[in-house]
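Chain IDs A, B, C, D and E follow the sequence of writing; residue 1 opens each chain.
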Amino acid sequence: MFTNLPIIILLLPLLAFILMIFFGNKLPRKGDWLATGMMALTLVLSVVLLITKVGSHSAEVFTSSFDWVVVGSKTIGFGIMIDNLAAIMLVVVTLVSTLVHLFSIAYMKGDVRYSRYYAYLGLFSFSMLGIVLTNNILLMYVFWELVGISSYLLIGHWYEKKSASNAANKAFIVNRVGDFGMFIGIMILFISFSSFTFEAIFDSISAGQLPFGSEGWLTAAGVLIFCGAVGKSAQFPLHVWLPDAMEGPTPVSALIHAATMVAAGVYLVARVFPMLTADALMVIAYIGAITALIAATIAITQFDIKKVLAYSTISQLGYMIMALGVGAYTAGFMHLVTHAAFKAGLFLGAGSVIFAMHASLHKLHDHDTDAQDIRNMGGLKAKMPVTYWTFLIFTLAISGIPLTSGFLSKDEILAGTLAFSTINGHWLLPLVAFTVAGLTAFYMFRLFIITFHGKAANEKILAGVMESPKVMTIPLMVLAALSLFFFYSFNPFGASSGWFYSAVVRPASMVPELLQPAAYPVFYEAVSSVHTIAMVLSIIIAVAGVYLAFMVYQQKKISAEKLAQRAGFLYKGATNKWYFDEMYNRVFVNGSHVIMKALRWFDETIIDGIVNGAATVTQLFASISGWIDTNIVDGLVNGTASTANRAGGLLSHIQTGKVQTYLLFVLFSFVVLFILFL
Amino acid sequence: MVENTLHSISLYLPEIVLVVTLCVIIVADLVLKNQKHASAWIMLGGLATAGIFVMLQAGTVESIFFGMAAVDPFATFFKVLLIFTGIFVVLFSMKNRELEGYSSRMGEYYMLFSGMMLGMLMMVGATNLLLMFLALEIASISSYVLAGFTKRSLRSSEAAMKYIIYGAVSSGVMLYGISLLIGVTAATDINAINEAIAAGVEQTMMLNISVLMILVGLGFKIAVVPFHFWAPDVYEGAPITIAALLAVASKIAAFAMLIRLFSVSFIDASGLSTTGTWSSVEGIHWGLLLGGMAALAMIVGNLAALRQDNIKRMLAYSSIAHAGYILMGLVIMSSEGLTSIMIYLFIYLFMNLGAFYVAMLFMNKAGTESIEEYKGLGHRAPLAGAALTIFLVSLTGLPPTGGFVAKLYIFGAAISGGWIWLAAIAGITTIISLFYYIRVVRNMYFFKPDEDAGRIEFDISSKVILFALLVPVLLTGLYFQPVLEFARNSMLMFGF
Amino acid sequence: MELNIFGIGILTWIVFIPIVGMIIVLLLPDKNRNAIRWTAAVATGIQVVLAGIIFAVFDRAKLGINDAESFQFMEKYSWITVEAVPWVGRIEINYFLGIDGLSVLMIILTSLIAFIGVISSWNIDKMVKGYFALYLLLVTGMMGVFVALDFFLFFIFWEVMLLPMYFLIGLWGGPRREYAAIKFFIYTFVGGILMLLTMLALYFSVAYTDPATGQSVHTFNILHMMNPANYVDGGLLSGVDTTWRYVAWMALFINFAIKIPLFPFHTWLPDAHVEAPTPISVILAGVLLKLGTYGLLRINFPIFPDATVYFIYFMAALGMISIIYGAFCAMAQDDFKKLIAYSSISHMGIVVLGIAALNTQGMVGGVLQMFNHGIITAVLFLSVGVLYDRTKKRGLYDFGGIATQMPKYTGLAMIGMFAALGLPGLNGFVSELFSFLGAFEAYKWITIISVTGIIITAGYILWTIQRVYLGKTPEKLADLKDLTPREVLMFVPLIVLIILLGIYPAPAIELMNSSLSHLVEFINAGGM
Amino acid sequence: MSSAIFEPGLNHFLVVSALLFSLGVMAVLSKRNVIMVLMGVELILNSANINLIAFSRFTELSLDGQMIGLFVIIIAAAEAAVALAIVLNVYNRFKTINLDEINLLKG
Amino acid sequence: MELTTILFYLFALVTLGSAATMVFSKNIVHSAFALMFTLMGVAALYVLLYADFLAATQLLVYVGGILILILFGVMLTSQGYTLSFKTITVNLIPASLISVGIAALLIFAFLTTDWTISEVAERTDTVYDLGMLLMGDYILPFIAVGVLLLIAIIGAILMSTRLSAENEGVS
């Protein structure tokens, strides 16, 4: 059950990928039914697996592996591992994937590379499931990169656009930077513990082994592995790729850049959680906080519907990371799950809007208006009821309004950070967390209101807008349902009593006692003691944010422009995404350009020059000896005669053609040798 | 005394055959006026007969004519090489267009040729300073005239004149050196000289001076720096067949003489060690002297060759450089070194003659000696082009050609003898040599021939000669054991 | 283990089959081009089959390296023997072939790449006969180096490659072919001279005692050179950690570094690659470069373990510089071929770093990287070749939007690109992983700096993909045709290997694991 | 005593020979005319002969020295004959026998 | 002073003096005649060294043969437009440096060398002894030198005669 089923789940999307890449174009309807069907089958199997696993109410971990390769005396095995975490994640991935497959049937209709698109979706699903299922950090790295490449391929799906291929490159390269750290972390672990499996690594650590015998290296290993998560989950300072990744088709954004792949970083941190030291966790928590704050501020200022969602994704991922950092493990992971549902919903909803806008613009033969700019929308509520209502649910969920799933998870996170700060005084974390909660509610409703309410920016466009077809709205409805509280906990105000909390428990830390966070022993008590305060605070702040958005954008009581002016450089900074792109361009892109140009010059001029220089130097010697010949030797020979006209020539200069000169040399050498011999 | 003389004559048959050949050619020249190649065939017959007699002497170790000359495997080895060279050069001469304008004089050509062969054969066997000098002069005087054989050509005349002046002065100096050596040791036989020196000669300065002066003469013959100046001019001016003869046969004979003279006269017979190295007579530093000359020859020869456009001139400088490599084997003062010299010369014979031969074919057909004008010849004459490439590659010393084996042994001997710096110079100059050898190859292949320039065809006999040169070059590159053993056995005459 | 076919050992067959082919090619009339091509294809095809047989029956457990008994398919015939003379001892050169875990992969690689090279040479029209004759000679040289266990033989095969390569670049190459050819020639020749001198020094320092006769025998046998007991007293290279041994190591190292090519001996490579015709670039990058690292492993390491340990840090540092430097230079190129050439420098740097780790992971990674890089660059050069055949252009900015025009081709080429970038699931990743793992154990910081190379690599590869394959198709490229079946045929085996070895490298690794483990032990024990 | 120094001994002859040799060298090196150069060569050969015969008189060499001297004279004659023939030929071609004007071959 | 001593100095003076005249004379004919006196002086020195046969040979071969040859050479090559017997000196400085150097070095070497002198008694019948040697120990060089002369004659003829008319035009 736990050996074969996961493997089938893993391999089905791969099979879909292979079939689609080779035969996609030859199948009827270009094979979309095949891909979607196989994905749906995977979903069913995953659900079966989840129910069996969680239903068994045991924390048991199933692993099975085989020997991949033997190097020297070390055996490297690959295998799968099923625990509750993985089982839940499986369903999340397959569910969103299936819905996205379904959604795409309409959204991508008529695309030139339709079957290729489905193939890549299959490849992505396979890789993502690989990340979820693996028992082994190396294999995780493998799939990690594979999701990277499928993300690359999908972002660059419309590669004719320069911006799309740029975004694809950026995504991959920025991720590589993170992976670089992760790779080094993996190397540290393998060199120290001779194994890649989580189990073996944790066992070694708990047995008191430290990498290179140093606690610092253990922290370093943790932080380096976390670098992978920083890249993939778009955490500060590597968050810059995600907004650009919106160049991909919107369903892709929903699947990869909102629900699953970007959450893989969180999953990774959750996976390696037992080996993280207190210092590493602190780093993680602060990185998460910074990310959450930065992204939220930027989100306020954006007008591209997908960009707003992208920054909100970054911000929410920051939340999750922060939660893990402070030790609110379950809350962080739960937020991952809930966020997957409502953020995928938001993106698909946005996709639905964009699809409609496109259709309308297409009818108007308008190719200049940006279909994704919310300033071109407005008043869509009437035209697209299903999209509107589902979108509202998603917005409420992300804003953390009670009765939604988002409230449940976010509330726990806030409680966790607050509890954390009460124990060791890192008050910055809850401060950021609550600020971001308010900001989230504000900018999400800003988006929602501008898009759906109010006056249409252009009546003509609005007139052409129609509700999306069923294949698109059904996924929205499913996701909307999943964004409500009861799927996670029957108590709408506390998740801790739900099945989720019992299924996912924070694993025990394996690091030496001294390195464990001081907060752990008393953490849960602290959480329960601050829980109510946190909940109240969070509701107040969320509602305040929503209210403010209403004031500004619905009622127009407060002028958005004035607010922006008041904020001054803060606004300017946020609009320009805090200049991260510019800075990276200056430093890294230009820097590497300078280096590469310099090295190229160096290579072609110096290194090659030295080689060619061997000839030059020979020539130099030649001319020097030629000069000596002409001016000294010949001068000697000819007494007084000027020899300036005898230019050029090497040793051939001695070869004057005059036999007496030759004899002179011979006898001269003879005399010299003679003297030497005396 | 008479018996001794008669016995000696029976061991001197190869040389006598050559004298007879000379005489027969004189007669034939008078009788057979209209036979184009009559003299050549007689010469070939003579050389072949001489060769047979040389072979028959294999293994004999005897001193003949009252110690004047020796018949031993060492001499046999070199005589074989010389006769090979002679035969090839006769064949070249029959093919050479250059000589065709002088058909009425071909009799004289072959007379002098056999005279030169005789001189060289005598050089190889001579063990007496007088006979050495005499043999050297016989070879030299014939070659002076041969270098100027194409006398209508200004260049050829000039070459002959330069050659004889240079040669006369050099042999004069050498003679002076010989006179001093004889004076110091009161002996003319090289073994007696060695005995005298071994018995203790106090006048080491005099000995050194005489060695130096003798080296001037032999250095001239070998064309080694700083006594090489004549070589490029003479090779360029002389008919190509004679240039080939000078570059190969002359050098072989002179090396044989040099080796015999030095390694018999100036080594400390009591200092022979079991490791096969010897030491020179106390006070005479000829090892270092020759080492310096070898290094200079390698450097100067290879560097100067870089600038040459005339292929004969280029080959002249290359032969100077090769003289340097060969000399390295002597410097080491071990039987290893001598063996390697012999192997080198054996292979050098084929590859250098080959290069000269193809140059001659190209001159016959394309009428040029200029490397610049070799452009596209590789396409026009694929076989000859490929052959020249192989010869040049072999001269560079790349496997799987004989040249590689030759270099391998010389370098190996140098390293085993501890002359690392010399080996290093040899290595570096080998790299330099690549530039000018490969330039020829490049010109032949990397340029398209002119549209109207047709394919160059050669007759069967030309091809046969070409293959006769090519096969040993390639064969020795892969399987050189027979040569090695031949050379090694030929060393036995020195008793070590 | 022995395997004879018609009484002749399989290694002799695999080495000399191309020579047979060459002779047939030379005998065929000029006009009959297809017969010439087919002869070459058959000759190299037989090699592939033989390599397959070797792969199948190769005993994975035998050690090789310094132990004559455990070499496989050994053939040893006396070639040149000069009987004992009192002061030198016997002289011996053997025709001595054999393979162990170190060479077996290289043989497979060589035969495969040679075969694919022939297929991609199909459209060479100029002087077909000469081309294939030289090509087959080159193949023999390469194959010979990988199987020779006698230094003399090794050297001969090594140098035999020079001239064909010179002509193949110089006659069939691009506009600056002459410069490139001579540069290649001279570089390699310099190395060859260094190797020759070292070889001779070794020869005179090594003499083993023939158990049968009790004679002392000077030999070129590489295995005997590895045994410290065989060094004669007072030989130039006798002893441990002597200056001369360091000098000898250095001389050999420079020779091999030129072939690899390692910074700063690399500048021949970009020129040679750019000017060489596609199949020759494939051979050059696919096999020839491996000769350098193979030489290090076969000769430098086991013969001079002391000097190896002494210089190893230096070597690792050079590997690191090559990785970073090559990657940056690759990024700076506008010429597709030059870019790949520099990427080769970078990737071969990984090999050097891996083997410099002197532990099993590193070695395995390094050797596997040799194999993988051979396959990957072959694909890359074939990709350039396909475009060059159609457009006669190589500039990166001359292309764009190829993906739309030639989807099949783009798919295959991109797999090669991704493999070069070290994408997991493709073979490049596996070998890089082990190389770095090994290196990290030995040198933390050097490895960390080297790993940044993978970021730069990703940068230039993706940038290249973007410039060449993505974007809108310009007008001038609108009528490009996708791959012909022949072209697909030359890609497919390589792509299949890229993916197979990426997923399951064990068949390749198990071939060499025991040999390389033994080599590591051997070196770390100081060659005892 | 003083007369012993002036008594012509081996050294006296050798000194004469050395001077003759250097005069020959001087002629060879400094004369433009080929025939003068050849005369210089004759001086060198004669100086060597003086050596040989002096050694034959004053050392154990006995008659061998004279013998070699005899051969040298013959060789010198042969060489001179050939040399002059070559010079005549050169004169016919170049219409000059000044050595520094005959240098087609160089470089 | 003994007669031989006086004679030695006289002959040495004649030899060296006329040699110097030969070298430094501006007129080639003068040089040739100076050479004659040198050669005769050398012959006289031979007599002092008890080498009467050689002295005779020297006179016959050198003075009677080589010198005449040289004079012919002078005459044949000094005609035509370069009707001048003047000889011009080149390389004067280096040449004199080298010759002086050689002379100095040689003399220094000779004088510092400790020769082992074993003076022989005055010989009367060197001709007979030489003859015996020629037919005995020196038989091979004797024959060889004959061949040498043959070759020289062939060479000299080849070099000095014109090619036949029909071939002359070929070049």
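Rule of thumb we're sticking to: a residue touches a chain if its C-beta (ideal position, glycine included) is under 8 Å from a C-beta of that chain, and two chains touch if they have at least 3 such contacts.
None of these values were measured; they are calculated from a predicted model.
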item	value
Required minimum of steps from subunit A to subunit D, each step between chains that touch	1
Closest chain to the centre of mass proxy, which here is the mean CA position	C
Greatest separation from subunit B - chain, by CA centre	A
Pair of chains joined by the greatest number of C-beta pairs in contact	D-E
Centroid-based (C-alpha) most distant chain relative to subunit D	A
Rounded Å distance, subunit A centre to subunit B centre (Cα mean)	77
Euclidean distance of C-alpha centroids - subunit B vs subunit D, Å	27
Inter-chain centre distance, subunit C versus subunit D - centres from mean C-alpha coordinates, in Å	66
Centre distance in Å when subunit B and subunit C are each reduced to the mean of their C-alpha atoms	42
Set of subunit C residues in contact with two or more other chains	none
Of all residues in subunit E, the ones touching two or more other chains	90-92, 94-95, 98, 102, 106, 109, 115-116, 138, 141, 145, 148, 151-152, 155, 157-159
Subunit A, residues touching no fewer than two other chains	649, 652, 655, 657, 659-661, 663-664, 667, 670, 674, 678
Pairs of chains, among all present, that meet the touch criterion	A-B, A-C, A-D, A-E, B-C, B-D, B-E, D-E
Complex interface listing, subunit E residues touching subunit B	106, 109, 112-116, 136-141, 144-145, 147-148, 150-152, 154-155, 157-159, 163-164, 167-168, 170-171
Sites on subunit A touched by subunit E in the complex	636-639, 660-661, 664, 667-668, 670-671, 674-675, 678
Residues of subunit C touching subunit A in the complex	183, 187, 263-264, 266-268, 270, 325, 328-329, 331-333, 359-361, 364, 401, 403-404, 411, 418, 423-425, 429, 433-434, 436-437, 440-441, 447-448, 451-452, 454-456, 458-459, 462-463, 466, 469-472, 504-506, 509-510, 513, 516-517, 520
Of subunit E, residues touching subunit A in the complex	90-95, 98, 101-102, 105, 108-109
Footprint of subunit B on subunit C - complex, ascending	79-82, 85-88, 91, 155-156, 159-160, 162-163, 166-167, 170-171, 177-178, 181-182, 185-186, 189-190, 192-194, 196-197, 200-201, 203-204, 236
